[in-house]
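Listed below are the structures to be examined.
Here chain A shows up in two complexes: once beside chain B, once beside chain C.
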Partner chain A sequence: MSNPSCPKRNPDVSWRSIEGQAVLIHNRLGEIQVLNELGTYIWENLDTEPLSLARNIAERYEVSQDEAERDLLEFVETLRASGALADDEG
Partner chain B sequence: MTKGERGTPLTRLYDQAFRARHPIYASIELTYTCNLACYFCYNPVQRKAQNRVIPLSERREDLLSFEEMVDVLDQLKDLGILYLTLTGGEPLLHPRFWDIAQAAKDRSFALRIFSNGASITEAVADKLQALMPHCLEISVHGARDETAEALTQVKGSLQRQILALGYLRERGIRVFLKCVVTKLVEDQLEEIRALADRFDYPIYFDPVLTISDDRQLYPLELRASDEGIARLYRTSGLNIGNSPFEREPEDFNCSVGTGVLHITPFGDILPCVQWKQPVGNVRQTRIRHIWDTSPLLLAAREANMKSAQAIRDTVEDHAYCAHCPGLSQLRTGDPLRPDEQYVRVAQIRSHVAKEAAGRS
Partner chain C sequence: MDRPVGVAHFSGPLQPHGDGAFTVAVGGIAVRFEGLSEELKAAALDRYRPFLSEDPPIHTAIVFEGPMDYLDMAEDKFLRLEEREFPEGRMLVSHVFAALRPPADGKGLLRVSSEQPQRNAIGAIENYLRWVVADLALDCGGFVLHAAGLAKDGKAYLLFGHSGAGKSTATEISLRETPGVLPLSDDLVLVLRQGERFVAATTPFWGSLPQQVKERGLYPLAGAYRLRQSPSVQVREIPLALAAGMILSCCPFVADPARRADTLAPLIEEFCRCVSVKELYFCKDPSFWEAIAPEEVPA
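So, the complex of A and B:
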């Protein structure tokens, strides 16, 4: 993970964490996503610089830094594919 | 949540939140001003021929300011509210509607807007498209000009709504239509559904009228006949209920006391839009404190949990009987007492079900 920038949430996605799970409502599509615990943690902390976030994930879930970075990148790609991230995010 | 989603991870999550008293829904009445004057409207202002008293209109100088409204939005976000409804009156007529709606959007609420649609021009529809709320919910009052205008008391109201639906559809804005089944429209339910179908928008029919906020019974003069209500339940393919967000009874009858709050244009906090006893005012107390400590909210929650059993114990056709603790509280002072309108609808539904069983 080479100095990536923070992904930005799509402003047309409404969301709240409810009982520890993030509920994402895609207002244009009319679709709803419910994230699991790790997904919720990443979504809530998207503003954190990605390398730091991966470090936090590694500590929190007791996995290696490499594994945490892989999980983070994979999940961000899932979010991007679902339309949960802003289009202009590079 | 939409109907048909029960048992999904989402509904289980919402049920879990309700048990934990994590509120998900809030509504704010921005103003009681309206461009229509629907005869059965429960708001105690903007009355024309209804011969009503107007106690709240005397307090109109006390409307929450924009800054106070933004503070309310911040507090509701901190409380964990996901679905925020802006309603009225006609919310689009509030002088700062667009600023308030954008502030709500910026705080990631799933924004529902209850509108009559009659003030939605192409320019307004453009602004709604830019805002992109979660949905608009628009009440229609007939498929014919004469019946719609008899109710709204404004000439051309239906044609304006029809134009608005076209503008909204062209812009991809999600709309749910609602129709209260009155004696004026009970013979045109399929025409009304066809009107909704023209725009490919779902429509929900509700056979129950509510009394006015100041407990006057004049809205009930428009109740549909027994035959009209039976027709509603005999006609296949009609969605029946007051909203796609209506919960079906499980542990709780509804959201009151456990998942919802309502705020008036003057900052009064109510247990829900129908339970009219204020539990506080946003100008005096933080919303979180009220949510955590109000004895009335806890009493509303208890009534909510006891409702299903109370209906089973007292209504013969309880399997078909809906219940609104807030409406019963408003009308009788007892949130557990079945409302005669729901009981009547239950009797008719039971009769229709027996007819259908007899045919099969």
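So, the complex of A and C:
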């Protein structure tokens, strides 16, 4: 993971945490996404610099830094594909 | 090609179809329609008979003359309903009608051609009614859910899911083969908060089943079940967040993002804390009643 920037939440997505799981409401699409515990942790900490976030994931879930980085990148891509993240430009 | 429709479509002199009027109440939410021709009024009275009301309306809409066509028919022949936001109000457009609902207490404007077959004009009224009831329900601390609603022994059961989930099938089987079941709807049910509990109201909205005479009623909710078609019957627990997400995704017509996030979502969370929400794997027979209401099924 080479000096990546923090992904930004799409302002068209509202969300609320229910018993430790984030429920994402895609306002324009009218779609709902429910995140698991790890997904919720990432979503709630998207403002954290990615390398630090991966380190926190590794500690919290007792996995290697490499595995944490892979999980983080993969999940961010899933969020991006679903429209939950703002475009990179700007 | 779709007819471009903006707010200007509702300004200028508009011609009502006639001076007929009626008020329909869904779970106490009274909506009045004015500007109907005698024929259209007669058809509406027939369709909404159990739900006709003398209550003062919360909202009034006027039916005006309009052009024959608005949106083109979709290739799959499913109904196209498009909602648009303007500073002057929210608009709903379909193949045969366009409607504008101004903000606050303004009267709604519904344009449909008097040359349309009567079923299309009634369909325009029906869709307008669904649209406003879903919005007005939120003001009353309730919401509209894409669900089959069935009452048994004084309690309501909601079987929810998108088109094709099995709402009409479950309704049809239950009405045919399970004694004592009353229909609330096979498509859209109104859920209202009543003190500390939630109740479900009978609605005049039907999905694919033919319109039948129903009786207005409010029933305390015994449970809500996300339908999954399966070779065998099974009820599965689901986490609260998933339950809330599933319910939220089946609440139609709340397009305003702020309303959806700040009003509807907290209400649904509360609903899921009060009412048992589970997944129901069911097959096309009435045996699912043994899984969702075992105490109500005679041995």
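To be clear about the criterion, the second predicted complex is superposed on the first by the 87 of 90 C-alpha atoms of A that agree within 3 Å, B and C clash if a C-alpha of one lies under 4 Å from a C-alpha of the other, contacts with A are read in each partner's own complex, and residues count from 1 in each chain.
Criterion: contacts are C-beta pairs under 8 Å (C-beta built on N, C-alpha and C of every residue); 3 or more make two chains touch, one makes a residue touch a chain.
Owing to the predicted nature of the structure, the values given are computational and were not obtained by experimental measurement.
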item: Touching partner for A:Asn10 - first (chain B), second (chain C), both, neither; value: neither
item: Touched partner set for A:Gln21, first chain B, second chain C, both or neither; value: both
item: First (chain B), second (chain C), both or neither touched by A:Glu31; value: second
item: Contacts on chain A seen with chain B and repeated with chain C across the two complexes; value: 12, 14-19, 21, 23, 25, 27-28, 30, 32, 34
item: Chain A residues within the chain B interface of the complex; value: 9, 11-19, 21, 23, 25, 27-28, 30, 32, 34
item: Residue ranges of chain B touching chain A (in the complex, touch as defined); value: 9-10, 13-14, 16-17, 20, 22, 24, 80-82, 105-106, 108-111, 132-134, 172, 174
item: Parts of chain A lying in touch with chain C, wherever the complex brings them together; value: 12, 14-23, 25, 27-28, 30-34
item: List of chain C residues in touch with chain A within their complex; value: 239-242, 244-246, 248-249, 255, 257, 260-262, 265-266, 269, 272
